[in-house]
Each structure stands twice: as structure tokens, then as C-alpha cells.
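Here is the structure we will look at.
Going by the order they are written in, the chains are A, B and C; count residues from 1 in each one.
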Amino acid sequence: MKNRSSAILAAVSGVMLVITLYLTFLWVPMERTMGVVQRIFYFHVPPFFVASLAILAGLVASIRFLITRDYRFDDLAVSAIEVGWVFDSINLVMGPFWARPVWGIWWTWDARLTSAFVLWLMFAGYLILRRAVADPSARAVMCSVVVIFQAVGGVIVYMANRWWRTQHPQPVMAGGQGSGLDPRMWYVFLFSLATMLVLFGALLQIRRRLERLRREIDGLRRTVHSEA
Amino acid sequence: MRAAPLISAKGVWKFYGDFAALRDINLDVAPGVTLALLGRNGAGKTTLLRMFAALSSPSRGSITISGAAAGAEETLRSPAQRRRIGVIGHSIWIYDDLTAAENLEFFARLYGPHAPHDKIDHWLETTGLDHVRNRQAREFSRGMRQRLAIARAFFHDPEILLLDEPFTALDDRAAALLSRLIEQAHASGRTAVISTHNLREALALATDVAILDRGRLAFRGPSTAELRAAPEDFYRTYTEPRA
Amino acid sequence: MDVLRGTLIIALKDLRVELRSKEVINAALSFALVILLLFSFAFDPSAEETREIAGGLLWLVFIFAGILVLNRSFARETVNDCLDGLVASPLSGAPILLGKAVSNTVLLLVLELVTLPIFGIFYNVRWTVGLGWLLLVLLLGTWGLTVVGTLFSALTVNVSLREAMLPLLVFPITLPILMAAVQLTTTLFSGEPIAPDMIWLRVLIGCDIIFTVLAGALVESVLVG
């Protein structure tokens, strides 16, 4: 968890990002019904998977923190949630740019979108709570408890949304993501997902280091004040 | 046949982020001892006392209290053991919306199977609150509230008393009452830990002394005549000078 | 049984304190009426469409007014630091949490049972049909929201912007409870049979159990740190 690993990851993800852009705009075939707009798919969907992974990572780190009280797990939890929030924001913002030309509407409250929005709100709640508490010990415990509830709640929200929204009429989706994908589209999608994962890893390492340094500075500051 | 209480901190550290408020504290309190826990503000006295009172947990190490069986030790999270402890902290822990009698009744129920009325009456008399027993605590003067807090802490006859700067902000009547109760408790073999930065007050009551300096246990021993004669000098030898 | 006894002691104490001042219940009831007034502008009470969302409107009133009750729950223990007194006592975390959750549920049910007939009048909704089921839905829905809300009230008790943090944290997590309650209530208001919506009743019960267990498991960490 030093400068080098995050630098390597950042460099690799940068290269992969360039490759993904090439693949998306110059290599993959044009989609039949949606045209150019469909290419958003390669940048819109993978971040959601990354965000879901992030909250799982946050959950595991939070549980481990509560058991061991080792602050490195708290570092990991806050980093995962914060970076995950960024990816979820990308997902939420890009979606409407696809939906408008394809469905004719910016947004709909179907199962997937509602769950994505709730997930985003959960990330935001965690981050706001984080900033509202000064005491590092209490803050770490509180945020760990919140993440555990949010992860459990998030799973239930997703399932409940599936039942809820199937009772109401859906907008017709022109050619869903998984239906009859050209294998080349699959490759690009998977490559984009891999790119996002590497980028997530890079940002995670950087954020973890930042949190560790913040902790050290805060500790030093408290020590100085206690000596005064 | 119960073993006498021995409350101890074993290898206790408390971290707030990277800052260590307590460093490797090993402190035993033998039964019957009245321990004065000394130290400047920020030395960690309140942090340590809160752990003894089961209000916070150590980051590392443990706080134990000797159990009912001889040689057995349990951690303080055990509810049964907390029954043996009485606490007076910085705040009074009294409900403003309840009457004096109701407050004592409530805490009595938390600490024991019943809320015996004769005991409530006894304590209201001892603290001079009998005439306001049915008035809500919010109507009380500050001295009255402090005395009610003292009644609350001593009500269930605790074997171990934890007092965090108890004499600060007490009026004369309450301070006299508290001193008397602490002496009585000591005379009947109870154990007490009193944290204070007022040396003279603490040394008047204490049999033992412990000094915390910036989170570390700087001194632990009996309260000798020499100590009582020149407490400030003694204290200075065990705490590092500030820059 | 210790937990049961402790729960009762705490619940009764909380209710007694609340009944003395009636602060929270008055504020919550008044707020509920204000929300009903505002809704009558936003959603035309005479329109047929409104009847379809009546269940949702009612539960929105409940949760917005109810959050006042939940916020107060642990906030009232900060006066004179009484929360420390509770945690230092032989009571473990579970009876403290459950006791407060019980007293909050009682207060919220009072709020709901007073608001319901008024809502029925303002929105011309027949709520007496299937009353037994409706009361069950109120109870299960309220308990689920309350047990999470009470735990988070303990969690945010020392946090700045507590009043805003509590809804922001609690509502996304308890969304399934709200969804289930709204769905069932709407069905009951429309007079249709409840059988097709049984899955929502199972969702309610399932969420109640999961969140109660989770809250009970985590309360010690929240209270002691």
C-alpha cells in the first residue's frame, strides 16, 4: 500500500482506458437499433458493478473493523465507499443520456434504476455522516454500523423493487443489454469492466494512503495539544 | 462465599485514530483500597474511569473484575458485575422530568430486583431531599440535584465506587455529605477510585495513589506521610515537565 | 427474564417522561396535520387518481411526523448525560434499544390512530373495511421503521445536523418496509382482497425480524463504542 502500487495501477488503468476508448469508438460494430448512442453502454454499466463491489468491500472492512478495532480497516471502508460513490455517480449520470434518445424519457422508476438511486443515497449518507463526526473512534464505529445496515438494506431494497415494479407497467426497452449481443460487444464490455476495476483499485489505494496520512496528522495534532 | 472485588486494567490502550489516550495501563485495585487517580487535564483519568464504568471499551487489553467464584475473572461487559459498581461522573445522570423518588425508583430497578420503598425513604432523608420527594428534578437547585445524584450512586450499596472529579462544582453541603459517605464506605471495606486534579482533597481520603501522565501510568503506590506532607513536589517528580 | 424486564422498565420510563411533557407527541401530531394540509394542495382529494395513491400519502405523513418522535428518543437521554447512566447500569444494550423502540412504537401508533380518521375524512377514504388487517400493517410497518430509527437515533445522538442525518440514513435502508406498507394499505383502502399482496406481508415480517436482530447485535457497539 505504498506509492508504487497505486502508481502502477494508475498507469495501467490509464493505458486500459485509452484502449477502451479505441475499442468503443473505432472497433466495436454499430448496434442495429440504437446506433451510436448504444456505445454509452460500455461506460455506463461497468461502474455499477464496481459500485456494488465497493459496497461489499465496505461491508467486509466494516465488519472486520468492529471485530478487531484496527483502523486500517476503517481506512479501507471509507476509501471503498468514497470511490464507489464516484463510480455510482458516473453510472447514474450517464444513464439518462442513453435513456432519452432510446426510450424518449430521461428516467423511469423501474427496479434497476430505483435500486441504483437508493444505493447512491446510501453512499451519500455515509459520506455526510463521516464528515459530521469529529472523534475518530466514534466515527469509525458509527460508520461501520451504518454500512452493515446499508448493505443488508440494499439487498432487500433490490429484491423488493423487483417485486414492486413488476406489478406496474414498464416502458418498453428497445433491445435490452443482454439480448443477443455480438461477441465483439461482449469483449469490449468485459474489457471496459476490467478497466474500471483496475481504475477502482488505483483510486482505492490512493484514497487509503490519504486516509492513513490524515490519521497520522490528526494523531500528531492531538499529541501536541495534549502536551500544551 | 464471594471473593472480594478486585478491579484491574490489563495492558489497556485507547486509541482515537492514531492518538493514544492511554498507553499500556496495568493497574490493579485491591479490595478495601481508596485509590486517588491523579493527573493533569488530558492525562487520561476520565478515559480510564469510563472504562472501569463500562462506558467505553479499550482498543487493546482488557478491564476485568473478580467474579463471584474465587479466582474467576469476568470482563466488565457482564451486567451482573456492573451491579457492584456505583458511579459519579461529570454529569448527574438524573431525569429532569421524573420526581426525586421516581428517579431513585428507576435506578433502583435497574440495579436490583426491587425498588424498596424504605430504602428510597432512607436515602431521601440522608440527602435532605425528603421534603421534595414528589417534585420533578428540573425544579431543584443545583445543590439538590447533586445530592440526588449522590443518592443515585450509593443507593444500591455498591462494592466499588468510581468517582470522576466528584468534588468539582459541589456545594458545601453536598461535598460534606460525599466525604462522609466515602469514609463510611471505606470503613466498611468498600473500594473506591477517585479521579481528581485537586491533590489535597484526594489525599485526605486516599489510601493509595496512582498518577497518570500523558496516558501512561507514572506512579502507583500507597499514600505515605511524606507524600501527604508535600504533594506538589511528589507529583512533580513523576510527571514530565511541559515544554 | 432480564431482557424482557429491562425492556419494560425502559419503555415505561420513556412513556412516563413523554406523558409528563407531551412535547413530542404534540409536535408530531401538529406536524402531521400541517402535512395533510399541504398534501391537499398538492394532491386533489376529490380526484380518482388520488385514491390510488392514498396509501402512499398516508405513510408519508406517518414517516415525516414520526421522525420527530424517533429523533427525540435518544436525544432526550443527552440531558444530564443520562445515557451514560443507562449504559453503566447492569442493563445490556438490547433492553435499552428494545425498550425505547417499544415506547416509540406506542407513540407512533397513537399518532397514526389519530391521523387515520382525519385522513379518512379529508380524503374520503374508507378505512374501516379490513380494519384488522390495517391495524396489523400499521403495527408491523411501524415496528420495522422504529427499530431501525431508534438504533440510528442512538448512533446520531452526538452528531451535528442530527435532525437531517436521521432521515437520510434511515429511509433508504427501510424503503422495503415502506413499500410493503404502502402497497398493503392502498389495497385495503380500495376494498380489494388482500390475498394477492401476501408477499408484501411476508416482506414486512421478514424485514422486521432481520432489522430487529441486526439492531440488537450492533447496539452494544453503538452505545459503548
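By definition in this document, a residue touches a chain if its C-beta (ideal position, glycine included) is under 8 Å from a C-beta of that chain, and two chains touch if they have at least 3 such contacts.
Treat the numbers as computed from the prediction; the structure is a model and nothing was measured.
S.K.: Considering only mean CA positions as chain centres, point out the chain farthest from chain C.
M.R.: The most distant chain relative to chain C turns out to be B.
S.K.: Specify the chain with the shortest distance from its C-alpha centroid to the centroid of every protein C-alpha atom present.
M.R.: Centre-most chain by C-alpha means: C.
S.K.: So which one's got more C-beta contacts, A-B or A-C?
M.R.: A-C
S.K.: Can you work out the whole-Å distance between the CA centroids of chain B and chain C?
M.R.: The answer is 38 Å.
S.K.: What is the distance in Å between the mean C-alpha positions of chain A and chain B?
M.R.: Comparing mean C-alpha positions, chain B is 48 Å from chain A.
S.K.: So how far apart, in whole Å, are chain A and chain C when each is placed at the average of its C-alpha atoms?
M.R.: 31
S.K.: Provide the list of chain C residues touching at least two other chains, using ranges where the numbers run on.
M.R.: Residues 225 of chain C touch two or more partner chains.
S.K.: Can you list the chain A residues in contact with two or more other chains?
M.R.: Where chain A meets two or more other chains at a single residue, that happens at 137.
S.K.: For chain B, give me the residues that contact two or more of the other chains.
M.R.: Within chain B, no residue touches at least two other chains.
S.K.: Spell out the residues on chain A that touch chain C in their complex, using ranges where they run on.
M.R.: For this pair, the touching residues of chain A are 66, 118, 121-122, 124-125, 128-129, 132-133, 137-138, 141-142, 144-146, 148-150, 152-154, 156-157, 159-161, 163-164.
S.K.: Note which residues of chain B are touching chain A in the complex, please.
M.R.: 14-20, 42, 59-60, 214-215, 242-243
S.K.: Which bits of chain A are touching chain B when the two form their complex?
M.R.: Result: residues 69, 71, 135-137, 215-216, 218-220, 222-223, 225-228 of chain A touch chain B.
S.K.: Mind listing the chain B positions that touch chain C in their complex?
M.R.: 53-57, 77, 79-80, 82-83, 85, 87, 89-98, 102, 106-107, 109-111, 136, 152
S.K.: Provide the residue numbers of chain C that touch chain A in the complex, in ascending order.
M.R.: So the residues of chain C in touch with chain A come to 148, 151-152, 155-156, 158-161, 165, 168-169, 172-176, 179-180, 183, 199-200, 203, 206-207, 210-211, 214, 218, 221-222, 225.
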